[in-house]
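Listed below are the structures to be examined.
Below are two complexes that have subunit A in common, paired first with subunit B and then with subunit C.
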Partner chain A sequence: MARRAGIIGTGQTYHKSKRRDVNIVELIYEAVSSCLKDAELDIADIDAVIIGNMEHFEGVYNADLWAVDGTGAFGKHAIKITTGGTTGASVAHAGFYHIASGMFEAVLCIGWEKQSDGDTTAGLIFQSDPLFERATMSGAIGTFALAASEYMNKFGITEEQAAKVAVKNRGNALKNPYAHLRKAITVEDVLRSTPLAYPIKLLDMCPTSDGACAIIVASEEFARKKSPNKPAWFKALATRHDQPFNSDLPLLINMRSLQSAAKEAYAQAGIINPLKEIDVAEIYEPCTFAELSWYEALGFCELGGGGRLMDSGATEMSGELPVNPSGGVISTNCIGATALIRVAEAAMQVMGKAGEHQVPGAKIALATGFGGSFWTEITILEGD
Partner chain B sequence: MPETGIELLEIKCPANYPYNYSAGKLLSFFFRALRDEKKIYGRKCSRCGKVYIPPRPACGPCFAPTNEWVEVGPEGILECFTVVYFSFLDPMTGKKRPVPYGYGLIKLDNASTRIQHFLSESDPKKLKVGMRVTAVFNEEREGKLSDIKWFKPVG
Partner chain C sequence: MSERVAIVGYYQSRCEPEKREDHITDLVYEVTSGLLNKIGMDISEVDNIVSCSQDFLDGRTISNRTIPEVEGAYLKSEAKVAGDGVQAVFYGMMRILSGKYKTCLVVAHAKMSEGAQNVIANAMFDPFFQRALGLDETIAGAMQARVYLERYGISEEKMALAAAKALSQAEKNALVFRGRKTTKEDVLNSRMLASPLHELEVFAPADGACALMLATESVAKKWTSSPVWLKGAGVSMDRYYLGDRDLAEARALTEAASKAYKMADIINPASEIDLVELSDYFSYQLLQYPEALGLCGAGEGASLIESGKADADGEQPVNPSGGVLGGNPLCVSGLNRVIEATKQIRREAGKCQVRKQVKTALAQGSYGPCGQNQCVMILSAI
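Up next, the complex of A and B:
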């Protein structure tokens, strides 16, 4: 890996379905201010700003321009990155590449989404192919419903096993003051919740949230000189894109892109047994079935073993590898920020700054990003 | 989160922005065949032999050109399905899309990839992963995917 880079500060907004108290710029400013405060830095210390969100969700284009007074990018090197659901992870990776290049010392990375200004399902449909998939596509819910039907049929995964993911993650969210949905639920609640698209029910699925997240990525020299926080060092990162249509992918939910990215990231990090060697994971799980199948793709268990791993309790807070201590995407989902929140939460864990949802002694953390069509970004962070 | 206690405004700004897409050479052939012959064609990779639907100029993994039309379907296997119950805004009409409706990914005979399309059934009990389905064409066709009304179970 190139020049060493670490995360030295994180900030999030409070998340809810409608943050009517702020507009887009105010929302971003809230996350940026919180991040600078966490790192005890001034905007003058920052030499580049990278920002990302979903294209056209809010009907506001050139967000890097419109939000400049809230991002702190005035007079600085700044770029916008948008890669769909993976945007937040792409923003974090771009932060790493800026530092690794040796050309920058401290980069502010921002992800945001004000979903209540637009319509998320309509926005996602609008991003699918106009001539083939747009007529049938029904946002993330329908796509994961298709994937879950195949997953259940192929591996005998049950709706109860999937429901346990929601129970775990929503339970974890109770200890995260920034989580959007903070209410304990039971397996029965999930199974009896409103059917959205067979076999997905309301409580299997992530919410739509307004919110923003920011992190600061810095060089080792800058971190040692300026940061009061122990950095979360980038240990490995990998990105994989797949072919354009859902219908191109052989087994939707197991994500060949995630399997391939995990293999590369583990090779970079020297990880042989991820379940034992990784201390905490923040997985971008838009729905319950996805978390189960991605245990498999990430090599936490064998192919088809996601349900059994969930049943074993290994991914609970008290288990061998706690997954989504923050409450995950099932508890908070402001899409352009969602994958960056995974990186920020992973960083907070290895920095020892995760508060009530801290995994004691976490040293190695994994974060994933998910985007259409079944794209992956993986980040592995290491404590100082 | 701070409560402001002041009146917060939400200002409606609807937009209507029509687009027209060029189908290009390959998709024009594909949609003409749907319209004029009720036939479905895939496009074969010159290197790995994979038959793609939708047709495209190059195979992504090989990055080699596709060079042959292969007739696929009209029957195939339903490999994934869902029935959508929740109501949502359809950006193509600006209105709520009618629900419930079934759709799935169908592996057409002779194709290597699948096609995402509507199903005749909107009761999940009448659908099964692995069942055979066949394309039902509309009487009036206009050279769009919707010329296939839906796929229905065979037999």
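Up next, the complex of A and C:
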């Protein structure tokens, strides 16, 4: 079976809509240097660099080549893994495989996006088939508006219940110094915010952020010898891709890639009752409604019960299973980094390094990545 | 270390300048279904998939989102290496070595006919200092060729000879489209694209795909009686700005090779490697890369070509397939090098088959201006 691999350091940039003070390379360097500092390592200790983003968002082809001065990849094993919104999780998983294969000792995994350099929605539209779906593809907002309407209609989920997700996550973001949007909001604020596409309103939706995230994945031997941090061990990981046409997909109801990945990940980790056994979750929630439906797909509650679980307070910081203590994607969304931030935040929780948004005593953490045509990557981490 | 990883099957489509009748999904389905049928494997036996393609080449954000159905990735683990096909093999190998998977389908595709390749390649250069100069891969390659020729006092004719040999050899390969009997003069008389590189010295955009199946040792025999083992692999990244590099040397290639040699216990590559498949996007790389790989001394690449040692019937054949110059698209080029090396080891290379026995072969791939990122893989019959 796989050699043990653990996360021994994490780093993030400060996020903004427009990080005009840095270029792409400098943005990446900010996350990388912060990560090395966190692990108390030098770039010379790293033997491989894995990076990913969505290249059409900035219009830089093979951006990993330009980024070399920021990533520290010069003279090292370097590979670019890109899978859309799931990229950050794919990069983290690639970090695991590099270590588990026995070929590497310490791998730097980087996700980033500088959306202010380009036009994200234009880039997103280019993922759809030019003949069948591009003319009706309207980026993330349109897709989730359709999905959320269907979800509300089928299970009686209310806009208020969705608004509570925004209030919770944006409230959590107040304690995360790296979060992009840090302002307390109320249910009323969400309901009254600008409608984007029914039922999605401005405060239901993730922002577009500039930012980068880095983690270091290491072998047990390296981790014990070289870094003072208690590692966050990979306990389970699972990836599921789905068909390319949105019209073929169940969208938010019973999201099959998430259900299937969760089943495999729980089996690997020996988890039977996720709500009780998982201490903290970082879910890639592009909009409020998605978080509710994904409680269901992840087995935190019964099908259609996402709204009621939110109402119960179980996913609040003080609840049974705090979800998105970092503030989640609703608060910070630098796409190529977003799924990696979920993994990094999950790692920080089980390493006991989450600062003001620490869930006390967290031992088992779950992180999800979302992207593509409703694709999923799940990571379960365990404290040392 | 866990069990060894084997190549248990492969499938290539014919590369063409434009496959107008094929959608990208057609390109990929041809090779994935072809591979499964050929080795008698069911899609349910494919544990995971590593694909290689580029958003910019496909004109599609998340280029692997186009192909989940035709690569059999529905509700499976798939990852895309957005670089070169050899790297995808490397990553697939690591996924198996981790112990989590027993098999891995590696597939690469590109349909370059749909894009303006010089515009796409220009987007690799940073928007502040280089892009406005109009740099693309060919112009960058021309600068590297010039530096290399000057450093070692090599004439342009020697590069042309290498291209002529490659294109003449490619005539034997039915899967590529540029092969014909070509003389040094033909090369020198072809259109100048960027001095000193003529049209016949520069790879041509193409459409195509190929697929490879990897399996761990304990199950490999189920699909083949002649597995080819992955013995060594190495990747290295060079500096970005061309002016920061010594372009006469392919430093990243030397580093990637030394990692691969170490893993495969190769001490003297010039004598221990039986056959080499290089990604020769440009003629000068047929001279420069054997030097970087330690197959000959610095500045000796031209004599190596002239001596015939690297010919298909030579002591250490280089690119008996006709190489990338014969007509291979980006992404696919590297994976095709691994496949061509595999075919030689298994004596399945048809008209391109070399006479000598091939036990150990080297496959190389790269991406980026002047080969910034390099990957070397060592394959073995035993």
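One rule holds in what follows: the second predicted complex is superposed on the first by the 378 of 384 C-alpha atoms of A that agree within 3 Å, B and C clash if a C-alpha of one lies under 4 Å from a C-alpha of the other, contacts with A are read in each partner's own complex, and residues count from 1 in each chain.
Just so it is clear, a contact is a pair of C-beta atoms (placed from the backbone, for glycine too) under 8 Å apart; a residue touches a chain by one contact, two chains touch by 3 or more.
Computed from a predicted model, the values in this text were never measured in an experiment.
Chemist: Taking the superposition as given, does A:80 touch the first partner, subunit B, the second, subunit C, both, or neither?
Modeler: Only subunit C is touched by A:80; subunit B is not.
Chemist: After superposition on the shared chain, which partner residues are touched by A:246: those of subunit B (first), subunit C (second), both, or neither?
Modeler: First partner only, subunit B.
Chemist: Touch check for A:61: first (subunit B), second (subunit C), both, or neither?
Modeler: In the superposition, A:61 contacts subunit C only.
Chemist: Using the touch definition from the top, say if A:197 reaches subunit B (first), subunit C (second), both or neither.
Modeler: A:197 sits against subunit B, while subunit C stays out of touch.
Chemist: Of the two partner chains, subunit B (first) and subunit C (second), which one does A:94 touch, if any: first, second, both, or neither?
Modeler: The answer is second: A:94 touches subunit C but not subunit B.
Chemist: For the three-chain arrangement built by superposition, which of subunit B and subunit C touches the greater number of subunit A residues?
Modeler: C
Chemist: Answer with first, second, both or neither: which of subunit B and subunit C does A:132 touch in the superposed model?
Modeler: The first partner, subunit B, only.
Chemist: Report for A:20: first if it touches subunit B alone, second if subunit C alone, otherwise both or neither.
Modeler: It touches subunit B, and subunit C stays clear.
Chemist: Considering only the touch criterion stated at the top, classify A:297 as touching first (subunit B), second (subunit C), both, or neither.
Modeler: After superposing on A, A:297 lies clear of both subunit B and subunit C.
Chemist: Hey, what residues of subunit A end up touching subunit B and subunit C alike?
Modeler: Common to the two interfaces on subunit A: residues 59, 123, 125-126, 129, 243-244.
Chemist: Could you pull out which subunit A residues touch subunit C in their complex?
Modeler: Touching subunit C: residues 1-3, 23, 49, 52, 54-57, 59-62, 64-69, 73-84, 90, 93-94, 96-98, 100-103, 123-127, 129, 238-244, 256-257, 260, 371-373 of subunit A.
Chemist: Using the touch definition up top, name the residues of subunit C that touch subunit A in the complex.
Modeler: 1-2, 48, 54-56, 59-62, 64-69, 73-83, 87, 90-91, 93-95, 97-100, 120-121, 123-124, 126-128, 233-240, 252, 255, 259, 263, 367-369, 372-373
Chemist: Can you list the residues on subunit A that touch subunit B in the complex?
Modeler: Residues in contact with subunit B: 14, 16, 20-21, 59, 119, 121-123, 125-126, 129-139, 141-142, 145-147, 149-150, 153, 194-200, 243-248, 252.
Chemist: Which residues of subunit B touch subunit A once you look at their complex with the stated criterion?
Modeler: Against subunit A, the touching part of subunit B is residues 1-4, 8, 10, 13, 15, 19, 21, 23, 27, 31, 52-54, 60-61, 79-86, 88-92, 97, 103-105, 113-118, 124, 129-130, 144-146.
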